[in-house]
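Both complexes shown next keep chain A, but they swap its partner, so chain B is in the first and chain C is in the second.
Up next, the complex of A and B:
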């Protein structure tokens, strides 16, 4: 039996970091707590990335810890992505008054990250379910973290109800999978789902309900706008990036590894859901007046675009999805970060409130420009190459109609992303008083925004290292 | 390794844009000076590049640079110029230089204005020199989105939001369809030859099947030609011209529309020659509508910018018409017309902008007698008019005459119909000259028209001299362009 602890090296470090934070927290005075906690968490998380890259990069793919997890490229690439997201998010946590001086916020963030890491690497049904719950429960709490704010408690509660419901359905799907195959090990399932029948079709659907909820795919998306709107903005940012990427990691591993013989069926099912997500997400986003709800619908649409790559069900398809998620994570972190800074300074997250923003803070305006153009798929930002890759993968596999649906949708996207930029750059505040109303941003927020915005550009201009990571990840599935 | 002149030309504006964005927002003059310095530097380099190609005209691409970008997928940074693209690079350099001179007075956030303008310029340079299909799209989109911001932020208050969004959506829709076509070519080439590559020189040799070319030629060609203002997708263009600030109108009509025609040639005709032969008649028909219909619409406009905007639609129709003939004369004429029209429209928009800045109206009936306070502008506008109606001795004649020769070979009736447009063009530009620049000045404008700045004069003189030079000495451009066209004809013949 393989008992290689390196397979869970990042998670062990994360656990240690969480414990350290809890232990040292009571010894700090209130005045220092805010900064100390945030820097400890951030530097700790970056330290975990560094240490993992140095010591724990998998040389060859192998099952580890009794087949509970797989120590492979896919898991490792996604783990690094989650921890990076958590590190940047904790910088945004420092900027938020409600979260900054609460040790439990950082600990919950780290706990959710541990869960995501297992979502990306588990290969056993029991472990998969535990990983999902380990991710979800801290996220429910973080979403409802602002107890004195009705919208936040509503967000947390809604997320909890939907999460519990879909997770129960998912669990039922897992039990059926076990019933048919007699094993909980997904790499042993290949042979058991050879022929398609109504039961195995229903089983696929049950699994998609659970995972579709995590990546906010239509029709399991209803929680997303309310939760994003109500949750503290840095939490919403983390939820829309890392949590979604974790859902994709699990979806890819489960479907590609366990059900290769039923590929045509789940490809079709996912193609339909991708179409619905892109179309509904983009069309409803057109009508939004709140920036966080707009981004929620946009993230529903982006789940659809990324799914286009998975529908291709090829090595290139998986590579394109991983690349898409890398670009999307950087972009959405920047977008939510800007909104967090803006909201803290102005107290509003309505799109109307962005009037004259570029005059109030030119650099925040530019960061917004980069993030929103990247979301709309314009070069030289990450969103362009990411979209080209997923569409190319679908073309390669012969899904031309899905590509056409995708490009038509990206046109709709361009419209509402540019409309937001119109508020930022064109419109003036009432009375044209921008000079007297600058937007202040704290140092952690500036650092985090610089990292995210630079990431958006670097991913969009220099392709090879990121594509290399994507290739490494995809190689573990085929 | 040779001196990477093309890369320097492409990246100078991009780097300048980044530097500008990092400067203080109070440093308005410094930003302008930096912009001018970068523009002059690029103009000199592109002029040098032009004369290198002029001195050594061949059918092959020159100054090729190739660096792997994403080698696994066959994406590379691959640039080079030939007889068709070298004049376009020079044109971009000229418009960038004159555009900066004319925008000297922009006072609302000049830092962002010049930075976005230079991003646009960098994208345009990138498309003209790219020999890699992916890179072409990359720079093509970079050239499109700053237009939205430039028009929406600094444009004419009445229509800017509408026009900017309309323009962006039209161009984006066109480009995504062309992109789908490009991906189809990429995989078709892979299936036939087992190589993943976006290299256009490789794709030229792919030999796609007739059926494939028949399907994909129209999405690719029309997708790009939208930006060239081809009928029935020309509607965004006059609205965009009118709403844009002066320098952006110059860029838009002078360079950006050429980008569309150029990419339609490079990707549509050169990569899918069989498709071009099959669909040539339809493109020819669309272009005929452009030429004649555009001219008629221009005649009934009362806003000077709309006159020029529709005249651009008409003149760009001549470019598409020349390409659609698929013969030597037509193509040489079309390539020359791209340069000639680019300089001419830049001049027109510069002149109209100067009038508008002073009279605060562009309605032709409300203007008059502008030649007295603004003699330089009047002379420049008249020279532009002469070019526009194809007078011998000016660049318009050199460009349009071969186009009509080419059209005649295809269909003599079409040539006769198309030449009607020349008469109409003469009618509407002379009407503008008479009403706006001569006659009596309305009383409320009396004494309010301030003279133009010396920098404006430099810009006007530069543009006028170029048109006269090309008109009297066509030998400075025709030999190199015909070498470039030879290459296109070789591809068309070999298909």
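Up next, the complex of A and C:
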């Protein structure tokens, strides 16, 4: 047995950081607490990334800790992505009145990040289930964190009911997988699911229910719009980026490693779901009047786009999904961050409230331009290259019809993203001088927004380091 | 010895009852209870697969113990969320919590 603790080095550091936050929190005066907590969490998280990059980058892929986790490139790339997302999110937490003063909020954020790290690296059914729940339970609490807000409690409640329900179905699938293969190690399962029959087809469906919930695929998406709208905006941002990427990491590892012989069947199943997600997500987004709901439906559509790369089931396909997720995380973090700042200053998250925003705060408008153009897939932003790669991978694997559906859907997407930008740039506040209503943003929010917006541009312009990471990740699956 | 299929049928039946409960009941507490039924079905599956398989490999038992522990944590969080909704809205009926639609 291999007890290589370096395999869980980032998680150990995260755990230590969470404990430190809880221990030092009572010693601070109320006036300092808000700043101290946020900076401790943020700098701690960036410190974890730095230390992991220096000491814990995997040299070669190996199973560790009795086969519970795999110490490999895929896990490592995703871990860094999750911790980065948590660090930027904790800067947004500082900007939020309800979250900033509470040590629990940061600790729950870190706990969810630990769970996501394990989702990306675990290779044992027990560990997979534990990782999913470690991610979900803190997220339920964070979604319902604002106890005096009707919408927030309702958001947490709905997320919990859907989450508990789908994870029970997923778990039933896992128990059958264990029964049929006699092992909980997903790397030992290859031989057991050779031929396709109704039972193994049903099994795949049970597993897709659980993971489809995490990445908000149609038809398991019902929680997403309500939860995103009601949850505190920084939490919604974290939920739509890191949580979704974690679901993808697990989906890729589980299906590619455990069910290679049934690939044809899960490819078809996922292709159908990708089509549904893209189409329904984009069409319903057209009708939204609330910006957070619009982004929720857009994130459902984006789950569909990213799935197109996985359907290809090739090395290039996995690379494209990883690249897509990197670009998507940066973009959506920026988008939700802008909304958080805007909401704090104006108290509204309706799309009409964005009238004349570019005049009220030119830089915020510019960040919004970058984020929304990237979401719609315009060069030179990250979303463009990511979409090209995903569609190229699917073309290469012969999924032409799926690519056509994807491209048509992107065109629908451009319409509603540009509609929002129309309010921001072309419309004016009625009967008011915009300069008289500036949007105030605090220093942490400005830093976080700069990082995220810069990320959107850098991922789109400088290609090779990110694609190198994606290649490293994909190499450990094939 | 009773064939394993009996246990699997029992578990499938229990799972279906739970599934039905989640889809049909409106009361949040009843939904959580139905989810618990589904988790119990999973545990029956796990333990019977372990018993009829390689008993030297404890993975099945360990898995079911972990399912217990996690289910308890989930219900604790679940009930407190239900309670926080109840304090705000004075209801635990899922249909009546419809502030956000479309």
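Couple of notes before you dig in:
Heads up, the rule we're going with is that the second predicted complex is superposed on the first by the 477 of 478 C-alpha atoms of A that agree within 3 Å, B and C clash if a C-alpha of one lies under 4 Å from a C-alpha of the other, contacts with A are read in each partner's own complex, and residues count from 1 in each chain.
By definition in this document, a residue touches a chain if its C-beta (ideal position, glycine included) is under 8 Å from a C-beta of that chain, and two chains touch if they have at least 3 such contacts.
All values reported here derive from a predicted model rather than from experimental measurement.
Of the two partner chains, chain B is the only one that A:380 touches; chain C does not reach it. Of the two partner chains placed around the shared chain by superposition, chain B is the only one that A:391 touches, whereas chain C remains out of contact. Touch criterion met: A:358 reaches chain B, while chain C stays clear of it.
Judged by the touch definition given at the top, the superposed model places A:414 against chain B, while chain C stays out of reach.
Once chain A of one complex is fitted onto chain A of the other, the partner contacts of A:187 are absent, as it touches neither chain B nor chain C.
Shared-chain residue A:345: touches no atom of chain B or chain C. The larger set of touched chain A residues comes from C, when the choice is between chain B and chain C.
By the touch rule above, chain A contacts chain C in their complex via residues 125-126, 129-130, 133, 137, 140-141, 144, 147-148, 150-151, 153-158, 160-161, 164-165, 167-169, 171-172, 174-176, 178-179, 182-184, 225-226, 229-230, 284, 287-288, 293.
Chain C meets chain A in the complex at residues 8, 15, 18-19, 22, 28, 31-32, 35, 38-39, 41-42, 45-46, 49, 53-54, 57, 59-60, 62-63, 66-67, 70, 73-74, 77-78, 81-82, 84-85, 87-89, 94, 97, 99-100, 102. Remark: chain A residues 358-359, 362, 366, 369, 373, 378-380, 384, 388, 391-392, 395-396, 400, 403-404, 407, 410-411, 414-415, 418-419, 421-422, 425-426, 463-464, 467, 471 touch chain B in the complex.
Note for the complex: chain B touches chain A at residues 21, 25, 69-73, 75, 109, 111-112, 134, 137-139, 141-142, 144-145, 148-149, 152-153, 161, 165, 168-169, 172-173, 176-177, 179-180, 183-184, 186-187.
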